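After this come two complexes, each holding subunit A, first together with subunit B and then together with subunit C.
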Partner chain A sequence: MVLEVKKPRAMWEILFSTHHTDIGLLYIILAITALMIGGALAIAIRSELFLPGNQGIIPDSNTFHRIFTTHGTNMLFLWLLPFAAGVGNYLIPIMVRYKDMAWPKLNATAFWMIPPAMAMVWLGMADFTWYASPPYSILKAPGPAAEMWIFGIKILGISSVLGAINFIVTILKMKHPDLPLMRTPLFVWATLVTSIMILVAIPTFAAALIMLYTDRLGVSGFFNPAMGGDPIAYQHLFWFTFHPEVYIFAIPAIGMMYELIPRFSRKPIFSYQSGVTAFVLLAIVGFASWAHHMYSTGMSFTEKTVFMIGTLAAVPASAMHVFNWTATMWGGRIRFRAPMSFAFGGLVLFFYAGAGGIVNTAMPLDFLTHDTYWVVGHFHLFVMGLITFAFIGMLHYLFPFITGRMYNERLAMISFWLLFAGSSVIFLTQHVLGLYGQPRRTFDYLPIEPLIIMNQISTVGAWINAAGAALLIGNLITSAIKGKPAKMNDPFELGEHYYDYTRREPHH
Partner chain B sequence: MEEHENKDPIILTSPARMLKGILIVGITLAVGAGIVLTFFDEMYANPPPVARIQPPTPPPVEPPPAQAGTTTIAILVGAATEGNPDYDPDDGKVPLGNKIVWNNQDPIPHTATSGTGPDDPNKAKLFDTNIILGGESSDPVELTDAKEGDSIPYFCTVHPYMTSQLTIVPAGQVGAPPPGGEPAGPTIKILQGSATQGNPDFDPDPIKVKKGDKINVVNEDNTLHTITDGTAPGATAGKLFDTGFLEAGQTFSIDTANLEPREYDYFCQVHPYMQGKLTVE
Partner chain C sequence: MGHATFEWVYVGVVIALLVYVGAASWDVERLLDHAPPESKVVKVFGQQWLWTFEHEDGRKEVGELHLTKGVPYRFEITSRDVNHAFNIPDLTVMMDAVPGRINTMWVMPDATGEFLIQCREFCGFSHYQMRAKLIVEEPDATNVAFEDAEEKYLPASSVVDAGDTARLS
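Up next, the complex of A and B:
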């Protein structure tokens, strides 16, 4: 094998490449860009809520709605999904010992569908929340923002499905014949399970989006009560896709934790089989719990009980992962470098998120917390606490592989502590805020002392997070150009093989 | 796995190259931001096409002339929205032997189906109009086994929160003014908004009654209340008199025949800050 490329290729070659690491790099750059601009919106939201009334940061409540809708849509579909796909692109072909993804051009197509979709979501800035729930979204939500959102999400859905097909075929068909599936790293299992879930879950919402659009046109009335339709039907279709989607976001992050924790604990995984079992279990029970988002829509007691049990069934599977990580770390010679710190911080916040989730699951308690800031705090502990922390940990771990250099460890640890402290302060406080009854998605709140104080604590947490994120991105950029060249065989000195860096460059 | 000792050069990024990359991302973002800021209001200007289509308003429906032996119950416009008034009259008095016709004035389909709701095992046993389209009337419903004084709940299968009932009254009584009006005797009203601490709660407060009077209690608020003797929830509360939970609009009669002539404190068990005084003479 001759390595032809000795100096950096021209940038357009990378932009239009079909090589898996180039597409992985594009995915990761797009995802981090989305994280930063979506995070800026979050800071605007929290700063506006520093005091009741209008602070002038966001001019009016309509704009506020447009901002948090774009924030939510962006973070879920342009940060979490693309980042997981990016790391998958980098690692899956290496882990299954194949030269590239199964269909490189399809892979590039799946990526290049995202920027136009991102443009539609961002240029329109719809206002109907990331649920787009009817009847508001069909009868009132102003266009063309709403139409742009619908088509943007439609394109993202197709991109996800194409990516998922590619991952499934790469893992199952292109895997080296000497490598049994039960010997592949757990990240491969995570990607496989996630991809299968995408194939099962997305079509439902894809149909619902078309129905939403024709309802807006007035040619159908699926969700339009004035035409005999049922808005609750949309919620069922929506959550049938997007409750499993929660696991689609989370499972790649869990897979990354399985990469990080054993290596930095310098111990083998405590139980590989239970990790696989828990992934498969999560994928199945993920489809049995969607209506727990809808307890307050007037379902019968029987329905609610079924979905409560379905939701609780996910608890053992999640707990198996947490137990597995803890048992792996137990007695290990842990090196708390930045990747491990982020993974461990993610584990802690995951535990809080799960504990809050059990409260939401219990339907009598859910009626108290429904649509309050409790829910905001709860799901942010998942998407920020578990998933984003695991992703950022993985980003640091991949940093030498991507750039050939080491990041600045001290700055990375400071940004970890800022992000960990900030996230805990923001989201744990928001749970209490919810118990005080502050509704979510509001521009203003009652000027009473407990609400003001807790909103201010939460906002200060957001500013801490902003500092952490700025430090993080600054560290990554400066280290990419000035960092110490990494020892590519074992950059973290863990006594383990690192990913083969020659795979970064295509050698055709 | 074989030991892989790489002799290949590690390709590193130069500052110029990184700057180029940042410029590509940055210029794209700046152009996007420019478009967002320029067209921010235009992107949010058009109501959805469906909002421009006028919903077909059915021609105003004249209720069909009341025939002898037929009672007409209207389904009001807007009844499909939960909380709106639905059937009119809501507690329909039907003279024994009359047929009943539901007249749907709402543009949306409705039904009138006997039973308390979709979960009622006996639903639709007595009658079911099936779907009545907007502007149409149901076929006349005959209640064959009904007896005087029967109360038959019914609901709309399309919108199960639309519930109502029929009361069978003696033939010929229809149209008579409902008995009562202002109930006789002393009355304690639980005022609207009294659930909020600091609002006026009981009216009149204090109240003086003669021993043997029956006190009418009317809950005019839209939530649960009680009138219970005592000042705070506890073992002794409610020993002498207690209305139990009164739902919105519900009434109760307190008999003072067994109360000794003296002053009594009372309160609401749901909202213990609602306190009142009652004197029996």
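Up next, the complex of A and C:
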């Protein structure tokens, strides 16, 4: 397959390259593949839940558990993380004016750890949910699937740590001496902050995974109550990594919004300093709120209060970003091409997600929403609404840079409206389902009218999303092969400088 | 207004709202967390995939729980195998059942009838079917409700307004 217009290259040249744009391309292709196959699992789940009782789409609850576990793991670690790394690979060396990433071979190594990990997660299809909570995961979860999941995640963790080290060194050490850090685009700040968070957060869960594995072997009992262990300890270790991980997913998306919104509003960013401040604040406060996932595990009143304050403290930083975007758009001559539409849609859904998040934080209300579909709707508004929308917007914006061709604008806008409508319908409805008390991770629900109606609306939304995603991927693939050649200096006619596309030619 | 002023005002408003949310939930949670000393203890055991209950007087029930209207109960919740979560959606009872730990939560049913008890934490194959029935009965000769329960357990003194009272009961 030929992916470059000006200078066609054989597939293996791209596969064995260490050039940052080639690695970026590989990351992005892998991430989009994961998005599509993970999305297919989501469609299966929603279709099964269209009516109470077994619809035969998913044969039994065990298969259902395997499917939603793989869906979650896949979407977080094989779509969000690799895509952010891919865009970072494309843009960070250009933005800091260096010829490549600091360590090209390390960069390639970090990427090539992902496909085997992906194979392990997908072939294993573990059934213990994406947070693998003991004692279920150590005592009851079946066979090689659990071990394959543990090692798959382990490899992905190492891969993202390697990538993070590479980004930090590229940004801090390889930055052009004439370019102060406070003059770099906000996307550089986003990647820097994210990479530091990865280095701080990931080791905790890496340790917990080893403990989980030895517990499964029966040689230790860290989390096994029968051997004097404590399952809650695992949850603390898990959320100490994976609450900051939420910001690790979100901050690159926020950085991409800062690339898209000022360009398409044709106005400078409202306040660069407040963007930087909010990134750094989020990164620090993000580590002070992990146990808000655990209010109902029997924490004391004091603990709950402390973590509620920690969680609320993260809200102003997110609100500053939303304010910054809105103020940037205010009075701008906005051009609603596909990238801007996705960014704006992401902003709207981010607002819903944040508002719902405040409800979850309030201690008494959390006992209403915890572990119900409310939570499912809430975090999907983040990962699908904010993050995926920003990513897809950035993908369209980078499309001429990557392929030298333009995508079909009309089809892209149709797929945007389908995805925006679909996502709103699915996830806002799921909030209501949660208030009716439907637990998450359930194969079936009680056949009572409100639950049936809400599940059906949510499923129809999923089908709309499926249509949007099919259109999106079809548009991107056909445009990559035979789209119109893009005007490379200013493909979106914004009167602004586009990225330095000549950098696509590898130098080594 | 300049850039900075405008943004500081906005951040100030957000922080004020958050302080309100935090203070209000601290206030309500304080009451939810401290069970009245006279409340009757019901031991709740989760296991794959059913609920068993043990009353103070030694009565045991499986899959059904009989409580009396107007009596405060303190659930002592634990699990016999993996994590579960004891949930009565209509009464806002929600607490994880963790093996090796006893978690408590208290409730005072204020209406008779049948309510759903379900498991809200993933626990394996039949998690979706792990349900039980809560039956709240009128007080009779053997089981006397406290007449002035509302005033006794929900201090109207300072902070709780009508909305909170409804949620608590």
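Operating definition for what follows: the second predicted complex is superposed on the first by the 501 of 508 C-alpha atoms of A that agree within 3 Å, B and C clash if a C-alpha of one lies under 4 Å from a C-alpha of the other, contacts with A are read in each partner's own complex, and residues count from 1 in each chain.
Assume a residue touches a chain if its C-beta (ideal position, glycine included) is under 8 Å from a C-beta of that chain, and two chains touch if they have at least 3 such contacts.
It should be emphasised that the depicted structure is a prediction, and the values quoted were computed from it without experimental measurement.
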| request: Assess the superposed three-chain arrangement around subunit A: do subunit B and subunit C clash, or do they fit? | output: clash
| request: For A:Ser296, decide between first (touching subunit B), second (touching subunit C), both and neither. | output: second
| query | Which holds for A:Pro225: it touches subunit B only (first), subunit C only (second), both, or neither? | reply | both
| task | For A:Leu312, select first, second, both or neither according to whether it touches subunit B, subunit C, the two together, or no partner. | result | second
| task | Answer with first, second, both or neither: which of subunit B and subunit C does A:Leu139 touch in the superposed model? | result | both
| task | Would you sort A:Trp122 into first (subunit B), second (subunit C), both or neither based on which partner it touches? | result | first
| message | Touch test for A:Phe443: subunit B only (first), subunit C only (second), both, or neither? | response | second
| task | For A:Asn62, decide between first (touching subunit B), second (touching subunit C), both and neither. | result | both
| message | I'd like to know which partner A:Ser271 touches here: subunit B for first, subunit C for second, both or neither. | response | second
| message | Please report the subunit A residues shared by its interface with subunit B and its interface with subunit C. | response | 62, 139-140, 225-226, 298
| remark: Interface with subunit A, subunit C side, in the complex: residues 3-4, 6-7, 10-11, 14-15, 18, 21-22, 24-26, 28-30, 32-34, 48, 81-83, 85, 87, 89-90, 92, 94-96, 98-104, 116, 118-129, 167
| Where on subunit B is subunit A touching in the complex? | 1, 4-6, 8-15, 17-18, 20-22, 24-25, 29, 32, 35-36, 39-40, 43-53, 55, 80-81, 107-109, 119, 161
| request: Within their complex, state which residues of subunit A touch subunit B. | output: 3, 5-8, 11, 29, 33, 37, 62, 66, 119, 122-125, 127, 138-146, 148, 215-218, 224-226, 228, 298, 300, 403-405, 477, 480-482, 485-486, 488-489, 497, 500-502, 504-505
| request: Spell out the part of subunit A that touches subunit C in their complex, as residue ranges. | output: 61-62, 65, 128-129, 133, 135-136, 139-140, 225-226, 229-232, 270-271, 274, 296-298, 301, 304-305, 308-309, 312, 315-316, 319-320, 323, 327, 358, 361-365, 367-368, 370-372, 436-437, 439-446
